[in-house]
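The chains carry the letters A, B, C, D and E, assigned in the order they are written, with residues numbered from 1 in each.
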Amino acid sequence: MVQLTNSHKGNGNSGWTILFFIVGFTASLFAGWIVFPKLLYSKKQQPIDFNHELHMTHVDNGCESCHFFREDGTYSGVPKLVQCIDCHQEVQGDTGHEALFVEKYVSKGKEVPWLIYSRQPDCVFFSHAAHVKLAKMDCETCHGHIGQSTSLKPYEYNIITGYSRDIWGKNPENYLGLKTNTYDRMKMNDCAACHLEETGRKSSVSTEKDGCFVCHK
Amino acid sequence: MKIDRRCFLSLGIGAAAGTALSPLPWKLMDDASIWTQNWPWTPVPPDGEISYTDSTCTLCSGGCGITVRKIDDRVVKIEGRENHPVNNGGICVLGLSGTQLLYGPTRVKSPMKKINGTFQKITWNQALSEITEKLLTLRAEGRSHTVAAIAGSSRGTVSALLQRFLTAYGSPNFYCQSSIEDSFSLSHIQPQNNKTIPGFDLENADYVLSFGTGIIDGWGSPVRMIQASNAWKTKNLKLIQVEPRLSDTAARSDEWLPSKPGTEAILALGIAHVILQESLYDQAAIDYHSEGFVTWRTAVLGHYHPDKVAEITGIDAKTIFTVGREFGQAEKPVAICGRGKGNTPVSVAEMSAIHALNVLVGNVNKKGGVFTLPEPNYISWPEISFDTKAETSLQTKQIAEGGLLHRLPSAINEAEDSVTLLFVADANPCYTLTDTKEVIRAFKKIPFKVSFSSYMDETAKLSDLILPNHSYLERYEDVPVTSGLRNPVIGLTKPIVNPLFQTKHTGDVIISIARAMKGSIESSFPWKNYYQCLKNGLGQHWNPLLNNGVVEITYIPEFEEIPRFAFQIPNDKPQVLLEGNENKMDLTLIPSDSMRLSSGYIGAPPFMMKTIPDTILKDNNTLVQIHPKTAEKLELKQGCYAILKTPRDEKKVKIHLSQGIGEDIISFPRGLGHTAYDSYLAGKGINFNELIGPVEDPFSGLDVAWGIRASLIKA
Amino acid sequence: MTQEYRKEKKYGMVIDLDRCTGCGACMVACMAENNVPFRDNETDKLKSITWMRIYQLTNGKSYPNEEICYLPRPCMHCEGHNGHSPCVTVCPAVATDYDRETGIVSQIPTRCFGCRYCMAACPYHARYFNWWDPVWPEGMEKSLSPNVSPRMRGVVEKCSFCFHRYQLAYEKAASEDRRELRENEYQTSCTQACPAGAITFGDLINKNHAVYKIKKDPRAFRLLERLKTNPKIYYLSSREWVRRAGDNYHPEEETGKIKSHQ
Amino acid sequence: MDSAFIPEGVKRCPFPQFLAGLGLAGVVLAWGIFAMLLCWLKGLNQTNMNDSYGFALWIWADLAVIALGGGAFFSGFLKYIVGKDELKNIINFAVLIGFICYSSALLILAIDIGQPLRGWFIFWHANVHSMLTEVAFCLSCYFGVLTIEYIPLILENRQIDKIPFFHNLSHNMHEVMAVFAATGAFLSFFHQGSLGGIAGVLFGRPFAYREGLLVWPWTFFLFTWSAAAYGPCFTIFLIKLLEKITGKKLVKDNVIDLLAKISGWMIFTYIFAKIIDTWYWAVVTVQSKGQTLMDFYDDNMFYGLWILVAEIVVGGIFPALILLTKKGRNSASLLWAAVILACLGVCINRWVMVLQVMAIPVLPFEDWALYYPSWQEIATTILPVAYGVILVMISYRYLPIFPQEKELNPIESH
Amino acid sequence: MFPFISFEWVWDIEHVVFMGGLWYAVSILGIGMAYCIIKAAIDKKEV
């Protein structure tokens, strides 16, 4: 038990000592767990708000209508202006964002500088074809239910690394390695864990997991 | 109870413990390392759609087909085009480095005018009106003939347009770099006034006798030659290399004959002697293809006995006999010449002596032999119209006698104001011409120089106005290829990317200047733009060219049309002519060519510089190769500095000892010593051309310098 | 659910030194393909990054009997004993690894922290350190390929057998619902560029691949085979002195396979 | 001025003189720190290392200081585990030297790596097959042990000792010191060995490669052995040096004699093993790779056969013979000679195992690669020396490093 | 470094022996130091 009494000479202020310890301890815990993550991440708004749900009702082919595979098997990712122009040469609906889109980008022929939540760093190679076509995974496993969203959430990123927060994990418990959904975090270990579980490949001599070059370039 | 420093210590410990149990230190540590993995100053190439486009390389005269890989609209890689008649998938260092020329810092990004010694950006309108005005004024003053132009090649539409402009304008002063084909042409008797070009069916030869030809050092169309040389390897055919130094070609040959420098022609005649003496020649073929055999035969038999030849060339008589017999008895032997990359002409005497071997064994215009082909005149344009002004001024004498480019600098240096305006297209004479110092002096005398260069090369840097051409990856242009091929081939460059900068196609510039000149000049250029001019001019070739990117011109001439070889009577006293005093300078300096170093008008891009071994260039020093015995004599050691002196100049070089070169010979790498381009190339080493000067062939007047006397003194 | 294994492969090369002309195309093809940086002065070859390097070998005889042979040297992708190649075992942070599925020795620059132990371990000098920040002159960064990540200062890099080409080929195959690649779908940049056709690349254990047969040529040898590095680059040369240059031999030893022809 | 902090019963130089000494060493330290910052901020291009010399002067310095610092673990081992109680008079100093050597080694490693901010990958992403991983782990853990061993010394400062908590802590730590020392000896054994293993496992480098036992090459054992053998010599050397500088006798002769004798036997046995190893390597290992001994000794000035002789005979057999004989140990000049030669011997061994390995061509068509360090490398290599001097100065002045000092140097007049 | 957490961890003899030995040593040091500090703190009160 902590003794707060002034019972011995020479260390008569042990109560204060302990109190100060507790104050320092809790304050730094608070700073580390609550304040620090707030400071570490910054937010940016997407240049244009985009309604996935609305678009899904207008296309025939689901996600692949806009996010498609190219002929060489590579993945097109976020659509380029040329694809958007197919429909949005003129303003179609009555949302302010569409009008803004046409005005700012379509009419000027400028690409929209989308901020990509799931962008991996440059050293990562990711094959959509291998995951979607060979392994028959669905988009939600990694991207969550973005297809049903009506507007784009702000893009949060780490101010030191520049990583998107979606890659790093949004919640404090993600730091501890905990995930509730498959799409909660997309760090190397998450990819590797799934690879080990799904493919069982242990081709790496050093790690007895999938080889480094499967995902790195 | 009081708060003392112990409490603060306690606070500190508590804070430390709390911090350690929070993500803060760990995440910062992790993020710091991730930051190092994504340093903002390390570029991240944007991803995009991969696409491939075929085109033609123009960086040397080889004309290889290329396939350009793009990511969205960026060129990221140039590869050899599969199934292309010239290079079939292969590619060379220079071709591969093309992206660096496209995006490199050496590009001239807009028209530039030199004002008070420094270049300033101007608009195309300003540039074009300035040049038009100058031309109109000169014409009005009756000085049309003082306008001159230098083109890199005599072939192709752009060169032809420039020549056409000069002609229509009224100047006879159009020059282009002479080549080995000129020597070949001159050694033949022409039925009409047509030039002749050689075609080599080297893949099908079975005995190749090469007189210093850098078959795999960049001669002809380099990639195709490397492929041919490998075809010989597989078929176990013989390659004999006559050369004073162990070049890569010599190293790969089946037999290296280390002749003394400059004695190639004499050796050829020695070999001819053996063939004649042992009656290994094909009389019927000789009658069919040549003239003057009998007198020549007597001369060769009289003055070129192998014993005598051995003395001069350093190749022993036994070897000469063996080679002569082997050559004479081989089924499809071929003798080729043109030292190193073969970019400079050889003397007609030498060409004659060597080509005579082909004629002797009757492998002319035959499978596996040498073909005598007419110039591929594939461009058909309407006749030029002249006004009287042009007609009169065209009668003036050319400034450089005989239209020989190497004579131009001295002509300019001798006569004031002989050239008042000079155009330079696809050429870099201030680097590639011999006796470069004189060339630069002449250039400085010309009041107004216009360069069409895409790159800030030596000539562009000295010019008063630069009208930058599109890079070869940004433009349409025909690429005629003749060098070393069996049949001439026309390739087409295509705009792979939109022009990156404010550049303009040289063809378009010439056409618009011509149209601005009005009158007969304008009517000589009846095209809207260069594209139309190219399309119309190429006629039947255009569509196949546009679709396939390449057209092979197979043309079998009638007998009457075939130029006949003229046996040239050799000297009765075989001798080697070389600039310099033998007593003062007892060494011979010869250049060495390499695939890894570009020595033409395009400077080596950074990637290419990376491949150069440190036995050629170390820091900014050129290394010259000498034999250890020569070094011993001169008290020189590996890696030490020495002063290299020639009658033309002297330079500080480093010494590299090599067993691949004979005594008293210095081998000097060609392609270094640029003073322009970018920091990756400029100031590296020494330009060989500064050390030698033109040596004229008494027969043709061509500059046939292949080396020079020199001395080396320890520095 | 465990998916079927991809077939085990051992990608390797056979380089025919009788064909190689030393033109340097493989070196530049590699640099252009793999975003290799360059500097103003590249003449210090001990600091110049060239994943593929061409050595000039001479027979040591004097003029005019000297002979030259060029020897292109990519990473040997040593298998060592069970994948324990010299460099892989020593890397303290698993930045380099041997992949049993492809036989490729990978190098992950973002994992590397620059201790250079692997460079000390590699007898072929196939590994290069980024002594400087890679800098491309303004505008030239446009020529960089997104398929290979540019490296930063302070890390080691080396030839990867153009592994990104495998990745792209595999991606294409995946989009066609295939798991295996055809021989010509995955070729390295140097193989493709070589005008002499001196380089053959493929799966050394696949009977249908060209390398499978060529590596059994009596002219074949590997560099420093006696060190048990078990490299995946085979060289062909008909010249005994060249084969001898591939490894250390006592004077009385023969290289074995074919009688010398000179 | 600072007399309140100086241990009782000993005499120290005047404070300004002390400050002047610190200042002098401080200048050198600052120079080293400047060079270190250059390396961190601008990268390793500040050095003359190159792709042939991935390891160079630093790594040699690193291995050398760890070998020389081996006195700490071996004295600890002798005192706490073997029970040579006399050594308690020397153990404090041995610990101090060990602490300096190991902290320097860690600092050098932190400068040497190309990506210092990723240095922790060696722990987090550890590859246990790598000798370097083993080095990093054991080195940092053993550094922890040395810190633990050094703390009680600090706590014994006259002022700190007045605080009951620290007094007790110091007392408690002394009580369980044997456990720490044993753990330290265990860790030391492995990391000294792993440092040897770093070179010994390089099967692509025939000069370095030695066969061995299980996963450990012979160099693993040789390095541990040599560190234990030569480390005490360095301790003795520094004591003698310190005695010269202070003009005082600090440790009794019998203590030195004991340590010197043990060291002598260790060097003797080590050099015997080393000769066998070299012989086996030259006759069997190297031959099987198609090479001969002389392939590794060129006639260039750096790596002639002299270096092998210098290492084994001059730096091994000579000091061993001197230290083994009572006469040798008792003669001041011979003892000096022995400890200096021994320190040189082990440094040459580490030099050879790092730098000669890099210099020797492995591919038959390559040449010897020679290398000259840049000033930045030299400065950062001298940095630990300056730092060590400063730490010794402060420790000597304020801490009771030498228990026998008071007895040997009684203060006569009050 | 850590079983279950670190990507590079493999359950094989090398990891168990090497890391096991290391964690063992680290634990001894940790426990030893904790013991000393706690005992010193308790002792302090009994002076």
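What we mean here is this: a contact is a pair of C-beta atoms (placed from the backbone, for glycine too) under 8 Å apart; a residue touches a chain by one contact, two chains touch by 3 or more.
Bear in mind that the values here come from a model prediction, so they are computed numbers and not experimental data.
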item: Touching both chain C and chain E (chains); value: A, D
item: Winner on C-beta contact pairs when A-E is weighed against B-C; value: B-C
item: Most centrally placed chain - per-chain CA mean versus overall CA mean; value: C
item: Distance between the centres, which are taken as Cα means, of chain C and chain A, whole angstrom; value: 37
item: Geometric centre distance via CA averages, chain D-chain B, whole Å; value: 62
item: Chain C and chain D: spacing of chain centres that average the CA atoms, whole Å; value: 40
item: Chain A-chain B separation of Cα centroids, rounded to whole Å; value: 54
item: Shared-contact residues (touching 2 or more other chains) in chain D; value: 115, 118, 121, 125-127, 129, 164
item: Set of chain B residues in contact with two or more other chains; value: 32, 35-37, 44-45, 47, 50
item: Numbers and ranges of chain C residues touching at least 2 other chains; value: 44, 84, 91, 94, 110-111, 133, 149-150, 152-154, 168
item: Chain A - residues contacting chain E, complex; value: 3, 8, 10-11, 177, 188-189, 192, 206-209
item: Chain D contact footprint on chain B (complex, rising order); value: 29, 32-33, 35-37
item: Of all residues in chain D, those that touch chain C in their complex; value: 43-45, 49-55, 112-116, 118-119, 121-122, 125-127, 129-133, 136, 198, 201-206, 287-292, 295, 357-358, 362-366, 369
item: Touching residues (chain side chain C, partner chain A) in the complex; value: 1-3, 5-6, 82-84, 88, 91, 94, 97-102, 104, 106, 108-111, 147-150, 160, 163-164, 166-168, 170-177, 179
item: Chain C-facing residues of chain B, complex; value: 36-37, 39, 41-48, 50, 71, 74-80, 87, 89-93, 96-97, 99-100, 102-105, 107, 216, 222-223, 226-227, 229-230, 233, 246, 248, 251-252, 256, 258, 500, 595-596, 606-615, 617-620, 627, 658-663, 678-680
